[in-house]
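Next come two complexes, and both contain subunit A; in the first it sits with subunit B, in the second with subunit C.
Right after this comes the complex of A and B.
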């Protein structure tokens, strides 16, 4: 019996620990302000930054209460000297605890990136347990992050998700941008020889902030657009790449998934759709000078033929191949030239490849890498395989011309 | 403890008295015997004494005693008519008892009895006792024949393609049902009576040479050690013979299907049949046996395997889904995709209770509904389900007391628990679910994981008649895997489960060609 009393006492103690502990970090879903996007702007005072966050309003997005009359998210901004301090100020404005586990987008305004640099804006994201490291980073071109974060989109009403999908869509189909995550930003910043690029978004036109009419009109008065990349030297923004250059950059860094290439042939513009692209970067040293060879292999599909050509002939296909290769090669060469002339930053990550392939030689040139980069020889080899010509063989234009 | 001791003493004293009575022999005088017996049975009106005179020349008074309702009236009538018309008392050298027993009685099971207790037992189980004046023994004729329900289709363990027969409340019918399936002479039946007032007949069946001797012995020992006044059903036995009666997990399997029982016998298990119960117990059991439906062996093996895995999965669901939901939505929101999180958050908008209380309310409601549905007569049972589904489900959501997601969670849990082929396994999940719910509400997934770990540790400590409870997983054995998670095709099942039938593990000739030889080729050979 005594033994039983002990056992019962022990069980009671165990249950005490259950009930007394009181679920200290329990947070019910309706006690949370779920954030979907964050942004950084210049503060009103010189040493301050302004943090903008987008708080999801769940009942407007899902469930019975979902209606266009309610705003799908709130945009709040707070200013302080550090990021964390600004975040804590946010509690002054919301009834619910801010929850960062689902932040998907982190927008930095180009103003702060140009003037102050971005290095002070990332430690918290890396250190905090709640914030993910795979948040996608964006640059707001010549605008405030607030402008972009407060714009409502019609199709995907959840703000952060909308921007994220937007970015992924542009990356997946056209390849002019590519999502860059927080951890990539940090690891690139840690490497002094490589240059950072961050995809750029802007609101077009920038004057009009989102209003309800914007959601009711089929012609949207303000639209968020992605446009290429912002180029960083160290942590300062020094310039931009346009969409076409962005695509060339994705080709070099092997980040291209699909894209379409306009190929002029026989007096008409035709389209080739890239289905798969793979880039190998080969390196070698000639007389102490590094040389790069880009070997690009693409699978493509003839998507649109406006020239009156006979596609059933092998020579036509060969021509398509040749012009596609030329077009890609030209794009890439232009980009490399521009970077060598204007930016002088290794955004292609050639340095890391060199380091991996030739660690000894790399040590010698590492400190002067910028000088080597400016007149680096880059040979480009593009090899396209045309896999298909679509659902039709010859274009109807061939018959139009009576051939 | 004192109470226990006192009880033990009391029971022992009662046994001693029984034994004293047991010694009383019959007297030679008929009237004395009849009076004694009537007195012992308290002059009960359903004990019928029929006196008559036997013979023509040397007339002897005689009587039969039987219990009305337990005997077959046809048998009695026939018995009496034979005695009246064909009894021949010419030869005086032979005692009348012997004459009747050897020449006249056309009933299969006849024996002589001397002791009063034995006679009483027989009368009370449906036999007829014949007393003859001047004889020191009575003749016991088995005239059992009471009203029973016949062999009915099973009600609880329904299968798609198996036989439609279930055990009855009569032990003899039940043993016959099994003997009809396994006709081997190796099939053993041992019978004993348990319960000093009910004297319930208990049968132990096993196949000699297949079942493990030590397990048989252990079963016998455990059943014999039961000292109880009466056994009214199989549940009475369970607490006495299980290894760990404190555990929530079932350690005895019930079946109402003779084919399932026969299947168990063939695997080397031992079945216990209790008179008066249409459920037969089967020991030893392992945890994974409870996921093996009888249908698994009748349907094709691919489907059986899929369904078995599904049942295991749904058991896990029914055990953990509410706690998983509570843990994730209150502690680990980052585990959800954003869209789902937003949708769940929208549903919880305006719900006044924390998710844990919400889950508790819904789970309790479901348990109440379930209990109400079981206890109610079938006609009212439907009303219960309508009230439950409509009023509680829909109205609670519309009133904003619970979120729709919680209703989905609880319904999913409930439906999952209905897939179990043996209802006993669900009982453990029904209770453990609440414990896990509390753990996950306090510590999130960590708490839930600790709970599940605790359950697994507990299960590994369990044994059923010496067989580890998690046999198949915990003592992992590759040859047993053919019938644990998957149900392999028949031609791979060459051996019996290893620990159950160590004596005779070979089940079939492993050289059977499969698939059968090509018909075309055979024709050519001819």
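Right after this comes the complex of A and C.
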């Protein structure tokens, strides 16, 4: 009897391994349209949104035939009242099933962000199991998401990857922008006292460059730029931060990696390269009023000296430190003033820090946080350490002047 | 003895850890963040403390009564009719728990990976495995765990290491801003889903070969499991933030989905799936096995294997009936903590009291 049961089980197992070796809802690669980017524009009707998909064309990307005259991606668009409905309409326009697992970039046009707000554009990205919540979000400044998604790029043929690397490059080296993921958008929106910022992307100048011939022109008629931020109040776009303000914001929120600062000194403009920056936000309450102290510590190199100064003297280095500190401090002060005057939203996340450090006092001022924010005292302390001066210890301008 | 197999100390240690991690690993962070917010980890530590006491109670009761199962203990202490009812109650609980665990696996698989697959396919795949392992008895269950548990731990460890770059320590602040009340509430909510289900081990502990250092083994395993759960809660809150963790049904899966090391090492949430599936299958098999043995002992059968087929059919039919949707299924879990506490605290305490009274005579 026992032997019989064993045999039966063996047959069942064999059968299972034959029939259940794949998933039930398997999809092969050649049945899929892989998306690398998505975008949202205003629909033609008032209550509709237009969804733009950037679909990778595998036969153009694969292999060494970079000169093949096939477009590496194509964009299609569909409109409906909700995101999911629009996505399902996409099946009418492609022979293959759309696959969202590799979407890297999600672009929302500023028009829809200003007029309708963005709250209806994110739930699906969060709820669906196929889409990932670390997609990077961008705002197309005064342009259509479609224009940006259909732009051919020369150095990275895959459109979505190109935009992602654009963003990361600008964040890593210049620091005027920083990637914001879908999950950050949602968690910021969930917190009623904090303000949302989303990085900005635009074509400059605004000339559509969707044809493949553009790739053969060394003078690009227009380029994609990712710099600065769009500022949101609740979920509506209310304004922008320019690149310099964007960098100041990164300083405050401790998101700056590298940047360069132009330091005027002895009648010439010099450059200091920031290698590492760390910001600590200290908070305190004085007579029921919150106060913020920003403590910024930077390591820097002197990158370029155009003034006739003696770099071997310690006093020169001290001066460089002083002027660097001043320049950073001024940038940050300007941004805080502008936000307090024009936007009145807490894009610095000071409220969250106050809540973490002083939960009891925070409860009292939470409901009137906007009033407190407008005349919040922010003290800024910048401390630069200059580590190196490059490969030369003195300047040739000094010799030019015959000293 | 109805079962001739024996397990050693190390195997029991692994079984206890896997049993506590199964199901709790994925659901805990979300559940506990909803009530206790940032202080979820304190709540888990509290649960671990209570859980250790429950383990102490379980082991004491079993070892005071010649290492018998709860069915035999209640029969000898309470007499035939009442003992029979208590035994039946325990057997029912184990089967009920099996059905719930089966449903949990099914919901997890359907809402995250195979969302077009019919439920019955998943039920059959999992129960046929459970059938096979249970048929061969406790030794095979323990050995299977011995082989697969390292995979589970490795998956957990790798996931935690790889999300280190995404962790934000500030997300854990402020500590205890709302006082102790939300912490107690949160720990009450989740107590029923791990440590209060320890009553399964009333049916497992009797098969351990060395009863001398039993207490040390089980309690250390309980503490290790509690600490691993704490790590998972802390990691989820640090990576996702409190609000998002509370919103997520499977928060650790969401955490694992975010792994992205240099755009190269990414999309490896299957590590977390493997941990979940291994621990969950151990828990499922143990509770089913406990149900089968309890049923056989209650009815004084000579071989427990005859029970497997009817009980597995009951489990497969009960599982879908537990709720129409995942929401209804979770909603019913409100009554779970008191229910499990009756079986792991109230009845064992009563039995222990009776055994002390009888012992004095």
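The rule is short, and it goes like this: the second predicted complex is superposed on the first by the 377 of 403 C-alpha atoms of A that agree within 3 Å, B and C clash if a C-alpha of one lies under 4 Å from a C-alpha of the other, contacts with A are read in each partner's own complex, and residues count from 1 in each chain.
FYI, contacts are C-beta pairs under 8 Å (C-beta built on N, C-alpha and C of every residue); 3 or more make two chains touch, one makes a residue touch a chain.
Bear in mind that the values here come from a model prediction, so they are computed numbers and not experimental data.
Novice: Thinking of the overlay built on chain A, is A:62 touched by subunit B (first), by subunit C (second), by both, or by neither?
Specialist: first
Novice: Kindly classify A:391 by the partners it touches after superposition: subunit B alone (first), subunit C alone (second), both, or neither?
Specialist: In the superposition, A:391 contacts neither subunit B nor subunit C.
Novice: Please determine whether it is subunit B or subunit C that touches the greater number of subunit A residues.
Specialist: The partner that reaches more residues of subunit A in the superposed model: B.
Novice: First (subunit B), second (subunit C), both or neither: which does A:314 touch?
Specialist: neither
Novice: Considering only the touch criterion stated at the top, classify A:360 as touching first (subunit B), second (subunit C), both, or neither.
Specialist: In the superposition, A:360 touches subunit C alone.
Novice: Pick one for A:190: touches subunit B only (first), subunit C only (second), both, or neither.
Specialist: Second partner only, subunit C.
Novice: Figure out whether A:30 sits in contact with subunit B (first) or subunit C (second), or with both, or with neither.
Specialist: first
Novice: With both complexes overlaid on chain A, does A:133 touch subunit B (first), subunit C (second), both or neither?
Specialist: After superposing on A, A:133 lies in contact with subunit C but is clear of subunit B.
Novice: Overlap the subunit B and subunit C contact sets on subunit A and report the shared residues.
Specialist: Subunit A residues touching both partners: 23, 25, 101, 132.
Novice: Any idea which subunit C residues touch subunit A in the complex?
Specialist: Going through subunit C, the ones touching subunit A are 111-118, 121, 125, 128, 132, 170, 173-174, 177, 240-241, 243-244, 254, 257-258, 260, 267.
Novice: If we count contacts the way the header does, which residues on subunit A are in touch with subunit B in the complex?
Specialist: Touching subunit B from subunit A are residues 1, 18-19, 21, 23, 25-30, 32, 34, 36, 56, 58-59, 61-63, 65-66, 99, 101-102, 104, 130, 132, 158, 160-161.
Novice: Inside the complex, what are the residues of subunit B that reach subunit A?
Specialist: 1, 329-331, 333-334, 338-339, 341-351, 354-356, 438-439, 441-444
Novice: State the interface residues of subunit A toward subunit C in the complex, per the touch definition above.
Specialist: My answer: residues 9, 12, 16, 20, 23-25, 101, 129, 132-134, 183, 186-187, 190-191, 353, 355-357, 359-360.
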